[in-house]
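Heads up, the next two complexes both have chain A, just with different partners, chain B and then chain C.
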Partner chain A sequence: MLSPRTGLVLLVLGLLLYPLILSGPFYRDIGVTFLLAAISASAWNIVGGYAGQVSVGHSMFFGLGAYTPLLVYTQWGWPPIAGIPIGIALAIGLAVVIGMPTFRLTGHYFSMATIAVAELIRIFFGTWDWVGAAIGLQGPAVARGWWDLTFRSELPYYYIFLGVLAVVLLTTAAIERRRFGFYLRAIKASERAAKSLGVPVRRTKLQALALSAAFTSVAGSLYVIKTGFIDPDSAFGILISVQMVIVAALGGAGTLFGPLIGALILIPSQTLTNSLFGGGGSGLTYILYGGIIVLIARFEPGGLLDLWHRLSPQLRKRAHV
Partner chain B sequence: MSEAKNLLEATNVSKTFGEFLAVRGADLAVEEGEIIGLIGPNGAGKSTFFNCLAGETMPTGGKIVFAGTDVTRALPETRARAGIGRTFQVPTAFEDMNVLHNVMVGAFLRHPHRNDAREHALRIVELTGLRPDQAARSLGTPGRKRLEIARVLATEPRLLLLDESLAGLTPSELRDAIALVRRIHAMGITIVIVEHIMEVIMTLTKRVLVFNQGHVIASGTPDSVVREEAVIEAYLGRGHRKRRDQ
Partner chain C sequence: MLFALIGPNWLVSRFRAGAIIRQAGRIGLAGSCGRCQTAAADCGWAQVPMMVVVQVIVGGLLLGAIYALFSSGLTLIWGMMNFINFAHGEFVMLGMYVAFLTVVWLHGGPVVFGIAAALALFVLGVGIYVSLIRHVIRGPMLSQILSTFGLALLLRYTAFWIFSANFVSLPQTSLAGTIKLGGIFLPVAQLVAGATAIVLTLALHLLLTRTTIGSRLLAVAEDRAAAMLMGIRPDRMQALAWGLSAGAAGIAGALMATAYPWSPSVGETFGLIAFVVVALGGFGSVLGSLYAGLIIGLIQAMSAFWLGAIYKDIVVYGLFVALLWLRPQGLMGKARI
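What follows is the complex of A and B.
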């Protein structure tokens, strides 16, 4: 049986070598999509998994991060990466504005409020000419320099995304060990008990939402820098938020590697169903997501990592016998 | 009782829920180092009053002063920082953590760094007789009650509010729990205890306040209050005197 350290080394090696071993564009595209899903879900995990504040409107942060790089390019001709810090700042600002009133709500009321806000923003962007309204925005067709980050190959994107994923996971690992991480888990278990122990519940939730929003915004920026195009649906659509929730919940919300495991399973299966059924199978994503929600809720609320933690001692015992 | 010696002073505290007056002008003065019992029949208002002291319920009238500071409108987390700790009738463990991590959540209040919090939490866990690596979700009722006491102790309170923390225990568990409360008291922590079990009140406290219909109907030593006619009537009803006289 693998020790956690060996497992981690194998995982890192696997991620580093994947696009070199499976070098076809199809496989590299899956790799990039997987990393983007893992980044978004890991970002969501900070507030949704650790603090238990299940936002189903995280596309609002993803969308802001996706719009700003192309906005600075179309409006002022700046390189799209210049829009990343602006996207982060806007996402943090929005997180504070949204978090102040919505964190008074708990449970599904909070989730519903986040959906409503994300939908409002989507509709608003769809009618706002300055951001391209329903048509959206286009990035540079041909790179003016390396700073435009427009590459023919998927390979540079893969390693940039992998670097960002490493930053998100290292930040989450640091949070897990610190007071902030303990406070988040206490809030998830019982806000009432956490308050009685001096935990500043609202401030901690706001900080978690702001951090989560910042990373989600970076995910949106990465997405748009790679695709070079954005419109309200691909920025703020509800499926983007739902995917973050499902990826994290499938692997194990509130665990460091849960979102990574979830993305490792969900993205290839989603790509497989899409490629098997072609354009006619696009609605299958909804069926796949729905099926996963039902299965997780009914059989494994703790996700696959939790299942592994429960099963591995038994498997180890059997291996010894 | 001189004001300077009082750690907690609640004056004329009231709480209404709509038309219903749950607490009517209750007074309580707690000296540093005391153990005080709050008793009363179900629905007497003692839990509401207790929640007013802990900051979970905001009183509609009156004043609560703790260690010279007015905390009447302070939130529970502010009161915890000031030194008021509390337990709940139904203990709530942080299920996904082990015992040590549960207690560390409390310890972080005065020890922001992980290693300091861990060391402090380990000392508290040892004091309460729990196993640090035990999963919180695997604890039974007595373990959960201990864990909750350990967690709040880790915040280093000056005043500990125990809300039926000893209810639902077997006689031997109850003896252990009483011994634990004594150890906590010996650490210099002032305790206010709401309890139904008279054995706990009689054993632990030197002063008792009896609540009925939202206000304090008697106060004094445990021996004296249980003999007071108003207290007997509150617990047994008006009919008891007639039955006794017959």
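What follows is the complex of A and C.
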């Protein structure tokens, strides 16, 4: 059996060397997609996993982060990365607007509010000419300088995304060990008990949502800087939110590496089903998504990591015998 | 791409204000705004003929009645077991397709496909409770929300797969035609659907408040353990509640299918509308969802008429966010914290 430390070293090495070993554009594209899914699911995980406040409309933060880089580019000719901090600020603002009223109530209200607000923003952006309405926005076709971050190769994107993923995971790891992390888990276990023990429940939930929104917004910005195009459906569509939830829940919501494991399994298999079923495969992919979500909810709410932790001691015992 | 197909504005064609104005013009109700010669929708509060306004109001109320019917199913589940069904809109969508298949395959009339949709969805609702909900209800919040959320995706995209994303409408039924009622013109199908929906919503309310079975349901909602001591089997009652809830959604879908075209994507819109109706009417109140459904239908029709069809959903979802801020327990509900 691997010790956790060797496992971690192997994981980091694997992620660092992956695009150099499998250097075809197809594999690099999968790699970049995987990193993006892992970043947004890890961001969702902070509020959805650790705090147990299940957002099913996280695409609103993703979409805000995705729109601002291209907005500052098309409106004022700024380099797209200048839109990242604006996206973060807007996402945090939106998080407060949604969290303030709904966190007074039980978790269902929050879930319903997130799905409704994401849909509201999606329709709104589709009718708003200043942000390109239903057509969307286009980024710089040719880089005016390195600061536009428009590369022909996938390689620079891969390492930028990997760096951001490291930041998100290190932040989550730091939270896990601090008072804030214990507050979050206490709230998840029982809000009433947490409150009676003096945990500032509403403020903690709000902070978790704001942090999660900020990271999700960065994921949106990264996505748009790489693709150079955004429209309301690929920014705020419900499937964006679904992917975050399913990736985190599959690996294990509320664990540090859960979203990473989930993305590691889901993204390659999604590419596989898409290439197997061809162009019409996207519909089948979401049937599959729905099925996986139902099965996780019914049988393994802890996700695959939890299953592994339960199974591995038994396997080890059997190996000794 | 699939993303492009999940547009929310399926009712646009029905409620396009311009179309209503044009229709009104044909039947001699004056066609355009007197001042600027454009459709009323383009010049705001123009001098719209009174009859056109009445037409819009009645149309909104009739659609709102159907909203009320399927939302009462959602509110029943919430009141019974503190559980939000994210797949409720998909139940409505399935009801529409059951009606469609009954007409196409069995050439059934409105009564037949209405009952078929209600029965099929009742069975589905009970099945989902027994196989899925019963197990996740005592689990963590994550699996409670994910179970029906995943179910919604599964049903929606399976419907896309089977029926394609094209809009369909029911073949000509015996409800075709238009009648003139005191100066306004109403499609018979819309009138029958709206009236039936109100009757059925009231019937559900009476079932819950005036019958033994309703008392049992409410007893389980009140206190599961105490109900069990009184000889009520809570599992059966909750399965019944799921059947009633899905059945209400199914028959609402069949009623709506008589009057409006649809595609598999409508489930998402209806699910959200049901949330708004329930939030306005109060969680767990069937009568509240009747009033709220009518109000939402009215608001939607009005905003489609005066602001333009694309804004009707923005107005309704905006109302939902405002409600969460101002009165999260709804108009008639009590706060559950």
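One rule holds in what follows: the second predicted complex is superposed on the first by the 321 of 321 C-alpha atoms of A that agree within 3 Å, B and C clash if a C-alpha of one lies under 4 Å from a C-alpha of the other, contacts with A are read in each partner's own complex, and residues count from 1 in each chain.
What we mean here is this: a contact is a pair of C-beta atoms (placed from the backbone, for glycine too) under 8 Å apart; a residue touches a chain by one contact, two chains touch by 3 or more.
Everything numeric in this text was worked out from a predicted model, so none of it was measured.
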Touch count on chain A, higher of chain B and chain C: C
First, second, both or neither for A:179, with chain B first and chain C second: first
Partner chain in contact with A:112 - chain B first, chain C second, else both or neither: second
Touching partner for A:155 - first (chain B), second (chain C), both, neither: neither
First (chain B), second (chain C), both or neither touched by A:290: second
Chain B versus chain C as contact partner of A:201, first or second or both or neither: first
Shared contact residues on chain A - chain B and chain C: 188
Footprint of chain A on chain C - complex, ascending: 1-4, 6, 8, 78, 82-84, 86, 132, 135-136, 139-147, 149-158, 160-161, 268, 272, 275-276, 279, 310-311, 313-314, 317-318, 320-321, 324-325, 328, 335-337
Chain A-facing residues of chain B, complex: 54, 56, 75-77, 80-81, 85-86, 88, 92-97, 101, 104-106, 108-109, 112, 114, 117, 148, 151-152, 154-155
Of chain A, residues touching chain C in the complex: 48-49, 52, 54, 56, 98, 100-102, 104-109, 111-113, 115-117, 119-120, 123-124, 126-127, 188, 233-234, 237-239, 242, 245, 249, 253, 282-284, 286-287, 289-298, 301
Residues of chain A touching chain B in the complex: 177-179, 182-183, 185-186, 188-190, 192-201, 254
